[in-house]
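A short write-up of the structure that comes next.
Per-chain residue numbering starts at 1, and chain names A, B and C are given in the order in which the chains are listed.
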Amino acid sequence: MSGTPRSQAESPAPKGPAGLRAQIDNVGESLRQRYRALPRFARWGITMALFILAALLPHFMPYLSSRSNYWVAIILKIGLAALLALGLNIVVGFAGLLDLGYVAFFAIGAYTYAIMTGAVRFTLAQRESLPNFAELIPTFHMYFWLILFVAMGVALLAGVILGTPTLRLRGDYLAIVTLGFGEIVRIVARNLRDITGGPLGVKSIPHPAINVGSVHYDFGLNNNPYYWLVLVLISIVIFFVHRVNNSRVGRAWAAIREDEIAAAAMGVPTVRMKLLAFATGASIASIAGAIYASQVVYIDPQIATLLNPTFGSIIVLSMVVLGGMGGIWGPILGAAAIIFLPEYFRTLGDARFLVFGAALVVIMIFRPQGLIPSRRRAAELTGHDIHEGTVFETQHGVTSA
Amino acid sequence: MSAILEIEGLTKHFGGLRALSNVDLTIEEGQIFGLIGPNGAGKTTLFNMVTGIYAPTAGEFRFRGKELLSRGVPLIGTKRPRRPFQITRLGISRTFQNIRLFANLTALENVMVGIDAHNGAGVLRAMGRTPRQRREERVTQQRAVELLQFVGIVRYANELAKNLPYGDQRRLEIARAMGTNPTLLLLDEPAAGMNPAEKAGLMQLIRKVRDEGITILVIEHDMKVVMGICDRIAVLDYGEKIAEGIPAEIQKNQRVIEAYLGKQEEDAGG
Amino acid sequence: MNCPGQLSEWVGLAVTGLVLGALYAMIALGYTMVYGVLQLLNFAHSEVFMVGSFAGLYALKWLGVDQPRSGIGLILTLLVALVPAMIFAALTAVGMERIAYRPLRKRGASRLAYLIAAIGVSLFLSNLFLLMDGKSHLGLPFKWPNIAGAAPVAMPPLLERHQVFSVLGVGIDTMQILIVVVALGMMVILDTFVRKTRMGLGIRSVAEDPDTASMMGVNINRVIVVTFAVGGLMAGAAGLLYGMNFGVTQFNIGFIPGIKAFTAAVLGGIGNIRGAVLGGFLLGLVENLGIACVSAQWKDVIAFAVLVGVLMFRPTGILGEQVAK
């Protein structure tokens, strides 16, 4: 895309709350333009600095709070959630597919890891008090990285199998079907006791470890290595997203979002593109799931519920919506906000979802593009004069004469 | 001259409604072929079938000698058309009656989407920054700029499509459709809503497009435009072809006049 | 696989299926009508259903039902309890239209925004009832009324279940008859309303082509409100009956039946009122007969499988969809 700045007339700020909003938007926009105007190495520099800052956060934690372990656990949670949000952002924000069963892929990743490391076998043996169960304790640390790939592959396969027949459907249908799929995964995890450990879950899932040459490092119970691993993955995802968005795939997704029929008429292989987004999101979720399983050591079918308070589809969707769809930093900010705020404002407690529900509605009405939207999404979601805008759309031109 | 598009016995029923009945049409390479008829005659339906949006109830059509309908899973009474994006890749492109631009993309990006049609669909390749990818992206952008220049709106290259003036939006649609490198271009009422000066400019543009080697099939209501640019015209009424010939013949054709006048009387409440 | 050997077991499953199906159908009507008019999947319709069940429950409590009644007393009590169940549900539905959906319509929001807002409303309502457990929340200085909470709340036993007659070796009891009768009755009334009244015509015309309808002088806003209200009435009645059938209600009873009812609506043809009825009964049957040979824990999976199957092979549903194009 050309590097010249957009010819965007800054709207004269109206009075009142709308005016305040517009002023904030204008500041944000000018900041963004200045950032984009920087030469490429300067932008890289800023990103690198941010990354290094984030990586050093666990070391600074003792200076920021007396309960540093607790807060490091929180930022690890934020990291995992941010991974999920970035993944869902690809599906919802870029390709415009409302996937309400996203948590299913997270669970698939977690369970694949649990199964492949032998934790399920061990758990079942222990429960049934088989004589030699102690020998089955999982110790396959070194295969962690391989299993990560396998988990990604399984989720990719599941995504393709689920997506191929369903991604041609209308948005609302897709939402319900994916919701159903999420529930099916949960039910399967609960019912197939011999494969997944059943309703009581799986325990003794081994931690990751690095065994390369003379380097032996076991992640163990320390939060820090997980955090850094997640940070690396987030960086990879950000890199990937940034590239793809500015390529013909990103353009194709934007075209599909704008007008799917016109996109197809212009040669965009719509189903394939949607599948791409869907499968990519699924892979990211499953990796997050595998890492999560390796850290918490115990998982059960509850991780696959729609309303799981940390990783459920609804929560992750809220992160994407609140943070801003379609961008890169938006979902990360959304993840941070949604995990951090309830911790900070303890009074929310079990009323968390109540507030979320109301917040979703309010955001959709007053700022549907979220906190840090991508330019395209902001234009789409606030404009009135676009084709797919109103609910009362008629199929333009395609059915008359 | 060889036939670019051959339509035989094309029929489309929507439930009880007969949108098209047994239409035969042959369009020769390099022609500007007009398709006219009163509202509801089935013109856009014909477009939709050629581009794969609907499956015909009966009949077949060949593009450059190649059958456009694939066998696939036979549904009752219909043959499955190729998917729209496949048809576009074969070389047929179109514009829409009610302008379906990608509103929140820039004019440049709109055209680039069209050009991407021939760029292959690999993700990994799309992501890479190898010299080949960079060249491809640059070439795509250059071609998009060329097309915008061709239709005369290059000054709007970085403007969001929805912000373009109406007449230029129609030109943008043409540029975008040309991006897919078509052999046959279907224009659906490209002059709708334009003033006489814009229409004259449009007629020039269409001739320019034809001179690039693209065959054009155009639906249009404005008779001046139709008679002015078309080499050959077919007339549809109530889904049937009632006349075909050169503009001079069509103008004098009794059935055509009746079809239009009859409609006028109906509309006037006669 | 151990499939039932006796015919009576199959019939028993079929009967259960039809009874549940009647309830699904009633809920499905709300989904299908709103979708027909607005192309909106009202996620929060499941909470409308839930509100109706609680309203009915407290109506029965207020009427002092602590023992089963019979005869005229039963019928009168039931009718009186149905009224608040239906009205509160309808009010909830209309309320969500006013507060959440209409502002979106005014702003020309995208489909995604509607869906997300609907999810938000659903979350809000179900959690509202979850939190009404007599404790204080959100750091507010007062205690929330104790009308729901996390645990199931028992439904006053209005109807005594005993077998009335038997078909093919299977006993049909009072509750089953009641549900089917009430459901069918309400569906007939709804069908008549939609086909024979002016407002019904308005709903159908907006479902078909809103632009033309408004040009013909149909008050779109009013039609939308009525659609939500009517869907709410049906769901509220279903809520009361559902609660009576299972003896309890809970803040989240809407979730699974809601998804199933939507499946039923899609199965019959979204936007198509008769389709919703057909879909409901059919889904109930398929779901219950489907678990004949496998354990009951797979019941929900069957329903979802039906959904996926329908959407893949016949997305317009059995009777065809009826949506504004």
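In the analysis below, a contact is a pair of C-beta atoms (placed from the backbone, for glycine too) under 8 Å apart; a residue touches a chain by one contact, two chains touch by 3 or more.
Because the structure is predicted, anything quoted here is derived from the model rather than measured.
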Edges wherever two chains touch, nodes for the chains themselves; is that graph a line, a ring, a star, complete, or other here?
line
Using C-alpha centres only, name the chain that sits farthest from subunit C.
B
Grab the C-alpha centre of each chain and report whichever is closest to the global C-alpha centre.
A
Could you please state the distance in Å, as a whole number, between where the Cα atoms of subunit B are centred and where those of subunit C are centred?
47
How many angstrom between the C-alpha centroids of subunit C and subunit A?
33
Report the inter-chain centroid distance for subunit A and subunit B in whole angstrom, where each centroid is the mean of the CA atoms.
40
Shared-contact residues (touching 2 or more other chains) in subunit C
none
Using the touch definition from the top, which residues of subunit B touch two or more other chains?
none
Counting only residues that touch at least two other chains, what does the list for subunit A look like?
380, 383, 399
In their shared complex, subunit A is touched by residues of subunit B numbered 39-45, 48, 51, 53, 83-85, 88-89, 93-94, 96-106, 108-109, 112-114, 116-119, 121, 123, 126-127, 129, 133, 137, 140-141, 157-160, 162, 176-177, 179-180, 188, 219
Residue ranges of subunit A in contact with subunit B within the complex:
1-2, 4, 6-7, 240, 243-244, 247-249, 251-252, 254-255, 258-259, 261-270, 272-273, 276, 376, 379-380, 383, 385-387, 396-401
Contact set on subunit C toward subunit A in their complex
35, 38-41, 99-100, 103-105, 107-117, 119-128, 130-131, 137-139, 209-211, 259, 262-263, 266, 295, 297-298, 300-301, 303-305, 307-308, 311-312, 315, 324-325
Can you check the complex and tell me which residues of subunit A touch subunit C?
92, 96, 98, 100, 165-166, 169, 171-173, 175-177, 179-181, 183-184, 187-188, 190-191, 314, 317, 321, 347-351, 353-361, 364-365, 368, 380-381, 383-384, 388-392, 394-395, 399
